[in-house]
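Look at the two complexes coming up: chain A is in both, with chain B in one and chain C in the other.
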Partner chain A sequence: MQIRDFFRGSPDGIDVKGPGVLCSFEVGGVTINLTETVVISWGIILAVTLLLLWLTHGMKTKNISKRQVAAEWIVTTVYGLVEDTMGKHWRSFAPYIAALFTFSITGSLVSMLGLRSVTADFNAPLTWALITFVFIHGTNIKTHGLGGYLKGYVDPVPVMLPINILSEVATPVSMSLRHFGNVVSGMVITSLLYFALSAVTKAIGVAFLTIGIPAVLSLYFDLFSGFMQAFVFIMLTMAYISNADGRNEA
Partner chain B sequence: MENIDYREAIVLAASAIGAGTAMVAGIGPGIGEGYAVGKACESIGRQPESSGAVTRTMFIGCAVAESTGIYGLLVALLLMFANPFIGKLS
Partner chain C sequence: MNLDFLTIDPGTILFTLINTLLIFLAFKFILFKRVDAILAQRQQEVTSTYTAADDALKSAKANQESYAQKLAGAKDEAAEIISRAEKKAQLEGDLILAQARTEAADTREKAAAATAREAAQAKAALQGEISDLAVELAQKIMEKEISKADHDRLIEEFMQEIQTEGEQA
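Moving on, here comes the complex of A and B:
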């Protein structure tokens, strides 16, 4: 690779690939692909479960350990956030929000270990958005009844029916695409910059550029952007769900 | 540059132009987020004690406003790395 490759493009091209398929098997005529995303997700679930078990074992009421302080801080923070955003009667929602946030942020941060981000696969944010979608509509049916829920679709005038349906479908699509797009754009920009820097390094012959600068960039794209998107995802989830409930309507 | 397939070349060129054009979508979020951050700075200047809540709300608003730009970016990335049109040449 020469410096002119930087201007002419790489000979083998910069390729951005989806998650690799580790193995695939057929169950009842349906091919199921075991992708990197699935394996890394299960790894994350296992790691987080073990961490939480370690944090919460041997809890006491007196002379509490630092471990227990950390665990209690996490729990009270999440409950406080949910109560602030959704109101007191939504307290029971905190575990879902905490799980979503943890999964999202660890799924983004896992790229710091050299693995592929879970959230850089569209399936992962789409799944979370669909769960939220079910929650939104479940809440709506629960508070307004099935009749009231269906009536909401023809709300001002029946002509609005297609527009209302479209706006309901747009919710999970926009939520998941926002998360996915942010993570993937970070991945692509990092790989483009890494390519450019390694071209410059080859031309100069000193390997100082590829060491420092990608780390700074990954600090923004992985740490800040990952945290921001996880936070936005849970805030939107809470806002949509508490909006579906008539009690919070202003 | 031997045995160029001109149909392929046209599709690739059009995709590259399309990817560039899709990124025009970055203008809107840029203006909108700049405006939002400016207003947030103003309100922090007026009420420094509410800076935490203002900053949090501003970040969420920015992330939401960003989504149209992200859609444009996704279209551009699709055209560059997972071109759906090149397979239609048979």
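Moving on, here comes the complex of A and C:
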């Protein structure tokens, strides 16, 4: 069953689609699609890179500009967050956390420019969750040794093995689906609202309803939810990796 | 053409992986590297400023001590100079006083000698004159008979003469 099935019977219908495919090519039998998500991501990368260049341009040690205050604040805040959550030896992880947070929040906020949210494509949060998954298990093996890592699956009793495996697999699935679900539900609700409001407008012939209400909802679904999901995602990433780190065990 | 609403698309995953890597590199090598460098530089400047301030404080204290020492030395020296000068002045004053005393004594002696000498001279002159006068008086007496009145007058004249002579002397 697809979402559009819910709206069958409406004259215009509304359709919640996946990202558009701009072009696709075959590489070794696998179809590689260049989707909307990827192209918008490139725009985000370009914008973020330019923003970072502007922020860090002409930095000094004294009489610093407001830009530099902002740049230093970002860096020290992320360092503080990473050190508080993961410990001092994970300090070098801070740039990844900053990048992930920025990518996630800008990926959600592009919807305010009328573009399709990058995070409304399941593949984006899935990729990040897979990166986190690799980090979790890499850290676990690195700090506990391969034996210790494998032993972790039969803890406390061997019967737990399937449950432990399931719990490990559930981590990236839950992380990515949580992020995707929140963003895409916002998108769906906004679409429904537009549809409903325009239906009402058509019925009574006055277009006042479409003016204020979508903006208020957009404030919640785009700004608040986008920020929350980005934050939740980086906090979970740090917590899971930190948990897998044997050095953090007392 | 659109993908389905919920699709796992390997191409998108691959591209997102690359994009995430790119944005990570941008953060690492633009923002974090530069800000870290600036923070380290500032830390170093702060450290060097503190070191310089500590050094300045130390040298100021050393200067203060050396000035205090010099000042104490100067005070001692001044006291010594003053006491030496006082001793010297005392010595010189004593010397001058002694000299003056000697000189005064000399002068007194000389004056006394001169007076004695003069007195002797005067005495000698007077004796000569007295004898002359006696001779003269005798002559005069010889020259004329003299009355008691004349006699008195002569003696009076003689006495006056002696007096004037004495006054002249």
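Here is the rule we use: the second predicted complex is superposed on the first by the 239 of 250 C-alpha atoms of A that agree within 3 Å, B and C clash if a C-alpha of one lies under 4 Å from a C-alpha of the other, contacts with A are read in each partner's own complex, and residues count from 1 in each chain.
As a convention for this text, a contact is a pair of C-beta atoms (placed from the backbone, for glycine too) under 8 Å apart; a residue touches a chain by one contact, two chains touch by 3 or more.
Source: prediction; values computed, not measured.
Student: Following the overlay on chain A, give me a clash-or-fit verdict for chain B and chain C.
Tutor: fit
Student: For A:182, using the defined touch cut-off, is the partner it touches chain B, chain C, both, or neither? Pick first, second, both or neither.
Tutor: It touches chain B, and chain C stays clear.
Student: For the superposed arrangement, I'd like the angle with vertex at the C-alpha centre of chain A and ends at chain B and chain C, nearest 10 degrees.
Tutor: 130
Student: A:167 contacts which: chain B (first), chain C (second), both, neither?
Tutor: After superposition on chain A, A:167 lies in contact with neither partner.
Student: Looking at the overlay, what does A:123 touch: chain B (first), chain C (second), both, or neither?
Tutor: In the superposition, A:123 touches chain C alone.
Student: Of the two partners chain B and chain C, which one touches more residues belonging to chain A?
Tutor: For chain A, the partner with the higher number of touched residues is C.
Student: Between chain B (first) and chain C (second), which, if any, makes contact with A:229: first, second, both or neither?
Tutor: first
Student: Which partner chains sit in contact with A:94 here, chain B, chain C, both or neither? Use first/second/both/neither.
Tutor: In the superposition, A:94 contacts chain C only.
Student: For A:77, using the defined touch cut-off, is the partner it touches chain B, chain C, both, or neither? Pick first, second, both or neither.
Tutor: Touch partners of A:77: none, neither chain B nor chain C.
Student: Touching A:65 in the superposition: chain B (first), chain C (second), both, neither?
Tutor: After superposing on A, A:65 lies clear of both chain B and chain C.
Student: With the two complexes overlaid on chain A, what is the closest approach of chain B to chain C, counting only CA atoms, in Å?
Tutor: It comes out at 7 Å between the closest C-alpha atoms.
Student: Chain A residues touched by both chain B and chain C?
Tutor: On chain A, the residues that contact chain B in one structure and chain C in the other are 16, 184.
Student: Hey, which residues of chain A end up touching chain B in the complex?
Tutor: Of all residues in chain A, those touching chain B are 15-16, 174, 177-178, 180-182, 184-185, 188, 228-229, 231-232, 235-236.
Student: Please output the residues of chain B touching chain A within their complex, sorted ascending.
Tutor: These residues of chain B touch chain A: 59-60, 63-64, 66-67, 70-71, 73-74, 77, 81-82.
Student: Inside the complex, what are the residues of chain A that reach chain C?
Tutor: Touching chain C: residues 2-3, 16-21, 24, 30-35, 37-38, 41-42, 44-45, 48-49, 52-53, 55-56, 59-61, 68, 71-72, 74-76, 94-96, 98-100, 102-103, 121-124, 126-128, 130-131, 184 of chain A.
Student: Using the touch definition from the top, list the residues of chain C that touch chain A in their complex.
Tutor: My answer: residues 1-17, 19-20, 22-24, 26-28, 30-32, 34-36, 38-39, 41-42, 45.
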